[in-house]
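Should a chain be cited, it is by its letter among A, B and C, assigned in written order, with residues numbered from 1 in that chain.
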Amino acid sequence: MTTTIIWTIAILTVLGGLLAVILFLVAKRFKVEEDPRIDEVEKVMPGANCGGCGFAGCRAFAQSCVEAGNLDSNFCPVGGNDTMKKVAEVLGLEVKEKAPMTAVVRCNGSCENRPVINDYDGLKSCRVKAALYSGDTGCPFGCLGCGDCVAACQFGALSMDTGTGLPVVDQDKCTACGACVKACPKAVIELRNKGPRNMRVFVSCVNKDKGAVARKACKAACIGCGKCAKVCTHEAITVENNVAYIDFTKCKLCKKCVAECPTGAIHAVNFPVIKPKPAPTAAPAATPAPAPVAEPVKKEE
Amino acid sequence: MKTFRIGGVHPNDSKISRNCAIEVLPLPQTVYISMAQHLGAPAKPVVAVGDRVKTGQVIAEPGGFISAFVHSSVTGTVKSIGPRKDLAGNNMTHVEILVEPDEWAEGIDLSDTLVTEIPSDRQFILDRIKNNGVVGLGGATFPAHVKLNPPPGKTAECLILNGAECEPYLTSDNRIMIEQSSRIIIGAAIMKQVLGGCRTVIGIEENKPEAIKAMSDALAELGKCGAAYSGIEVMVLKKKYPQGGEKQLIDAVMGRQVKSMGLPIDVGAVVQNVATSLAVYDAVQKNMPLITNTMTVTGNCLPADRQHNYLFRIGFPLSFVAEQAGGVPQEVSKIISGGPMMGKAVANLDACTVKGSSSLLYMTAEQTVRKQETNCIRCAKCADACPMGLEPFLLNKLARNGMYDALEENGVHDCIECGCCLYTCPANIPLLDTIRLAKGDVIKIIRSRAPKK
Amino acid sequence: MNKLIVSPSPHIHSKTSTSSLMRDVVIAMLPAVLVSVLFYGWAELEVLLVSVVSCVGLEYLITRFMLKRPNTICDWSAAVTGVLLALNVPSTCPWWIIFTGAVIAIGVAKLTFGGLGQNLFNPAITARVFLLISFPTQMTAWSAPKAGLSLSQVISHAWTGTDFGPDAFTGATPLGLAKEGGSVHMDYLNSLFFNIGGSVGEISALALILGFAYLLVRRVIRPHITLSIWATVIIFSGIFWLINPDKFTDPVFNMLTGGMLLGSIFMATDYVTSPMSPKGGIVFGVGIGLLTMIIRYFGSYPEGMSFSILIMNATVPLLNGWFKSKKFGRA
């Protein structure tokens, strides 16, 4: 009995030792030589592995940064400038600051503005719906409302507003990784400058139909009238294919276009309230609203 | 009786309008002729606003190698050229023409005489087919002259005329085979001549006995007219969906299976629909452009006297066709252009008829609304039904997870989108919705990789 | 005209649904159920009732209150499990054992894996094996009439008393007797119709085959799995029986006794736990047949059907990967 126990212990100990030696040798023999800085860079990365930078994951990004020797073409949208500064520190490189971005839903086709004219009865997926037809409203360009963007967001920054049927971006959570932009088959979502104190002005419509057609399909559609472009003193607005676009690098947030737009398709969000208004819906000053797109400043016509 | 070897389903054929003779639709006040009536690049308009056009005059030229001519279906003035919503609600360039009484373009033989003599010049035939805008009318609307001109090194051994009409409800092919049998057979003989006199088989499903008889009789009659009509036979096929699928039909008739990503001509086959054959006859023997086709207006909710088979011209608003047929019944909640298995649901009834229009099929909510999706019970009924021998349950799962390598390995690109899997699934899983998307993605991946190899 | 519905093709759907398929399985089991009720009377009705009610009830309670999902009792799958479980226990089985079986079948084997379609093992088989190991006495004690009683006597006993009275004897199943080396004399022709001794679902081969025919006619199942099990059992036992008829039981005996028919028709063919392709099904069936005969001839249990189905269930994902249906246009 005792001998059995002793033998067991002895054999297992020897076996364990032997295997440890083998493992040690194998690890030594097959060690992959990597630049140790890759590990260091990876440590300062957010670790979301979202792919927003265009690489397969944070490690691939780190590897690219180390190999490229400069940070001109690499940017981590999730970590933003802070992370890039840390990366630059680790590698002893220069980094240019980039303005923080956020996802913006450029569709104002809520159930109220854009009546549903047929019923969709397939898989609840924007891609399937887009491949089938123009959508259940008269607007063939706008949001399809099946929430592919919500499913694509890894950060929980998108949600569907059941009232409007449109996705809402939580800009505190949004990292501008661009997954929703890729997921949207209608290219409704755009990454835009976050703006000073989150204030920004954008055209909340991508309808390329002619004015009358667009207006018929959606009350809040951009009709391509060009009034905003005329009133803009910074040449930030272009009208192409019957739809206006505001270049956020040129926009000075003067909001003249917002006042000019006949359909209220141009949204200004997170601006402090200047005049007291009867409507209590205006966004509070300076603090970022949780649902900026859902609260357009429409009353300013 | 011959049939394809793998899978298939047996939906109720519901050929309610099978005995309704073809009626000619009157002209509406305005027609809108789409520039995308065929597979491939949209045609380019060659008329301008304010031009007066005659019936049968060319109004648009091919926009690429795989494209087709489009002709005016009416006489009148071009009112506008611009975007208009097609039946899926997407914008497409249409030519709007205000209709006046018919005045036919020159060179079109409007007489009723049956021309049985077949031109011997191959190029002449191909040019006529091309210039008269003939496209395949079996569903895909692939330009006919491209298909009838096999690439060098490949020869056609068998021309198959598709008269299977395996989709439930549709009866337009059935009617033309009964009413226009001689012209269809002459069209077949013309195509046979172009392809170098190969064997020609007219495949008809067993549920159309009148059509089988009419075609056999006409064939016997025409057989006396010369050698051009020898080697053509009528083959009765089993009633099984999708018997009229191109690959399935070749398998049934010739016992050969087209390889994955291959073309029918690879196994020596050319398949044309019977309606295409009719269009070929008109184009070659009468120089008549393809501006008419036959469509069925049917549905279980319509009484027997309101089932119709119509001869329409391209560019008629669907709402006009529906009105001529007595209006859309109150209980209808889905209108399908095409058959119930592969047809497109109409999102916009103001859309217009195109060369390939084959039906307005009315469905009630009860007949068509999808049921709640439940768990897959792994019954493998989808795999049994798939005529391509795929495993839809697996493809669906892979597609939902975006596993493209595995999707390709399991042959998602072979899917013919026949709908058998979704039709048969007891758990109502939208198999084809996800598979169709994945198929598109995988084909794109395969094509993007091809030049590198 | 209503607002138009737009959806991807196809626009029609076959009438087959999960619930209609499951209902067909229940209908196919009815002959066997009727025969068992006829022969075991009130006791059997009680077994059935307890089993079905506890299976369906548990499915409802667990999905509703523990998983908080839409309840799935309308798909009839819990009812199928309930009837199968009832056919898998002796009529003398106390209600709490049956209830335990239902907990194992529905709670453990089915819903822990995610419900219908997700379970790796057949719920009824899992429950049967669990009960067989946990309560061997109750699960293998069969109340059976003495030899020599007429059919009408057996039936009247069943309905007038809970016991067969002075004529009754509680004994082992024919398979059990064979295992112990006792000589077994079975009237095969008779046992085709009724063969007392075994689980209640194992009484009448004819009733089970009738159910099989119904399932085939209604195209609920493919015959591959069942037939390959039968072929394997007949060939395997045939060879051994020809070599040594004294030691090994004959093929007909093996086909008619134990859970062979019940298992091969209703349990091995369960959609969820059997391979998808016909080829995979044949391999699956051969595996079950071989394992059953090996257990019967060389194992310590007299009956091997439930164990072998359970073992082969575990190989299904592998078989699905190995045996695919033939693709169009590929050699």
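Here is the rule we go by: a residue touches a chain if its C-beta (ideal position, glycine included) is under 8 Å from a C-beta of that chain, and two chains touch if they have at least 3 such contacts.
Computed from a prediction, not measured in an experiment: that's the story for all the values here.
Asks: Mapping chain-to-chain touches, which pattern fits: line, ring, star, complete or other?
Replies: complete
Asks: Which of the two pairs, A-B or A-C, is linked by more C-beta contacts?
Replies: So, comparing the two chain pairs, more contacts are at A-B.
Asks: Where the CA atoms of chain B average out and where those of chain C average out, how many Å apart are those spots?
Replies: 50
Asks: Which whole number of Å gives the spacing of the CA centres of chain A and chain B?
Replies: Those two chain centres are 43 Å apart.
Asks: Would you kindly tell me how far, in whole Å, the mean C-alpha position of chain C lies from that of chain A?
Replies: About 55 Å separates the centre of chain A from that of chain C.
Asks: Which residues belonging to chain C are in contact with no fewer than two other chains?
Replies: As it turns out, chain C has residues touching two or more other chains at 3-8.
Asks: Touching two or more other chains, which residues of chain A qualify?
Replies: Where chain A meets two or more other chains at a single residue, that happens at 118-119, 121-123, 128, 131-133.
Asks: Could you pull out the residues of chain B that touch at least 2 other chains?
Replies: 333, 345, 347, 368-370, 430, 433, 436
Asks: Any idea which chain B residues touch chain C in the complex?
Replies: For chain B paired with chain C, touching residues are 6, 9, 11, 168, 247, 251, 257-260, 262, 328-336, 338, 340-347, 349, 363, 365, 367-371, 374-381, 383-384, 386-391, 393, 410-411, 414, 417, 419, 422-424, 426-428, 430, 432-433, 436.
Asks: List the residues on chain C that touch chain A in their complex, please.
Replies: So the residues of chain C touching chain A come out as 3-8.
Asks: Within the complex, which stretch of chain C touches chain B?
Replies: It comes out as residues 1-14, 16-18, 20-21, 72, 75, 77, 114-118, 222, 271-272, 276-277, 324-330.
Asks: Where on chain B does chain A make contact in their complex?
Replies: So the residues of chain B touching chain A come out as 83, 85, 88-91, 333, 345, 347, 368-370, 430, 433-434, 436-437, 440.
Asks: Which part of chain A faces chain B closely enough to touch in the complex?
Replies: 118-119, 121-123, 125, 127-128, 131-135, 138, 140, 209
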